[in-house]
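In order of appearance the chains are A, B and C, and numbering begins at 1 in each one.
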């Protein structure tokens, strides 16, 4: 009984995770290939889907806890699903931000060839994929390893900032476009951060240990 | 403090010893009876004794066949009369505990239980012997039946009271009518207690003499006709015991032994019945 | 709402002068599990005993009101007919002690004087015992007395006995409270399977059990029906403050 209901919850949150993942992939692809339709799809269709799913999952978890009084692993799983739900929705929001900025940028000449942003996107998307995998397969070691990669993403963002700053100082007409590029970098960095949250939640489910705020203990 | 505890321990031990002693003492009469029966009766026992009819004084041999058969016939008659009525009354009392009629019946059953057996014999004499104008096994059976009734009624009532209400409710909730519930579920569940009550009442009346004095009356011959007088073991024992003939005294001992054997057998059977048929809820 | 199978209208029940059930109006949905919960003495057992007309057998019992099975008022039908269509399972398992397992399952037919051929009997016994998950455990000892089974098995036997008559509704009065947790869990699984073919109404004082297995829940308090709704709603957002207090454990 209870296992069946929990599996329903897990399947639903995994569905949402894949949806968010595809939103991010599409927004980056739309930026790189200058595909307006792809970006509009993210903004107009997929965001609504993600928001509806968030409400649905919240409701499912509430009912699950009320009716089945889960303990131990089941309790941790259901509570973490609530948090993951939240974080996934935020990631969806960031993907929309990326798409909006991408829409602005593809209509105008590029400031510079895009190298670092796609690199950052690749790492970030891989981080999200791996954190979903660690949830599905219950692999805390994978989760731990993903958290470490966050530093790389952070330093990439800083690098993009510095580079764009020099462009802006040399040529003020690039400021508006640079601003959107920075926004995209910031969104990617936020997504990477939220993925590490996911990983911390997975570690809590499997091991019952809280590793937030002290990464050194990993 | 230690002295106090010592005193208590001693009192405790004393108490236990007294109880054990008194329990032993209470079995003495039984052992005495058995001892005398066996000592005096067993040697007159042989196959002819059980098969033959009594012979007049002075003649050798003779047996108690008519008394044994008579006792059995009386048991059959009185059971036939008392068991159906007794069980039905017992069922009524158990099912209708708070009706006024039940209270009245209970009261009367208690009184009946206390009536001396000779009085019951006189009543049977008035009811049956007088109108029929002669003694009969039937009248003896009636007197004994009245004696059996209170025991059967009480044991049936008490056995059925022990059956949990939920059993009846389970039957009702399957759509069973009342009579089916009682006959198919309740009675079978109480069969061991009811049968025990019947066997106890039989072993009680098997040894009764007084009610048979003016009813069954006694008969030196074998008789299978219930409308004629009939011999019975206790009656024969009484007659032989008060006679002046030593051979008859011997026979009385032997007959007593047989009677005790019958009673013991009935008791033994009733214990077996309880063991085999006892129903767990 | 789902199709209703039982409609209780203005039901009032009394024990001598005690007004035990006050104006109950309730619609029981078909092929679902409906739980009836409430503190001790709230009238929940009386309520189901009114549904199979067992209540009227108690001394001093009186019933006013109507209970419609499909569209017939059961109080205008033969009581014994009603009880064939509405079966009951009790708190303490009570298989008939003088009957074998085989005969216990068929006891409904026997007690109603319905004759069956041997092959029909065998079929009913096997089918019913399979439905309650007892067949594999007892198929080699069908002629042993029912009382030799464990508590959980006895209760499943009682359920088999009740469903052998193919009732439309199965009433259960705290069926697991006399059992150990493992047997109780098995019976809960069984109840979830039963609702495919039967409508189940279960009285329970165990909130968690009501939450786990029922689709609809009725909350009774001091003889009144306080709230009746889908279980997931009652346990998350109850409408009545009395229901909320009960769920929070503030009384009974």
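Operating definition for what follows: a contact is a pair of C-beta atoms (placed from the backbone, for glycine too) under 8 Å apart; a residue touches a chain by one contact, two chains touch by 3 or more.
What you see is a predicted model; the values in this text were computed from it and never measured.
For the pair subunit A and subunit B, chains touching both partners: C.
The innermost chain, defined by the distance from its C-alpha mean to the mean of all protein C-alpha atoms, is C.
Of the two chain pairs shown, A-C and B-C, the one joined by more C-beta contacts is B-C.
With chains reduced to the mean position of their C-alpha atoms, the one farthest from subunit A is B.
The mean-CA centres of subunit A and subunit B are about 93 angstrom from one another, to the nearest whole unit. Between subunit A and subunit C the centroid-to-centroid distance comes to 51 Å (mean Cα coordinates, whole Å). The distance from the centre of subunit B to the centre of subunit C, each centre being the mean of the chain's C-alpha atoms, comes to 47 Å. Looking at subunit A, one finds that none of its residues touch two or more other chains.
Residues 52, 54, 57, 59, 80-84, 87-88, 90, 92, 94, 96-98, 107-108, 110-113, 147, 158, 161-162, 165 of subunit C are the ones that touch subunit B when the two sit in their complex. Subunit A makes touch with subunit C in their complex at residues 1-2, 62-63, 66-69.
Note for the complex: subunit C touches subunit A at residues 188-189, 192, 208, 211-213, 231-232, 235-236. The residues of subunit B lying in touch with subunit C in their complex are 98, 164, 166-167, 169-177, 180-181, 184-185, 188-189, 191, 279-281.
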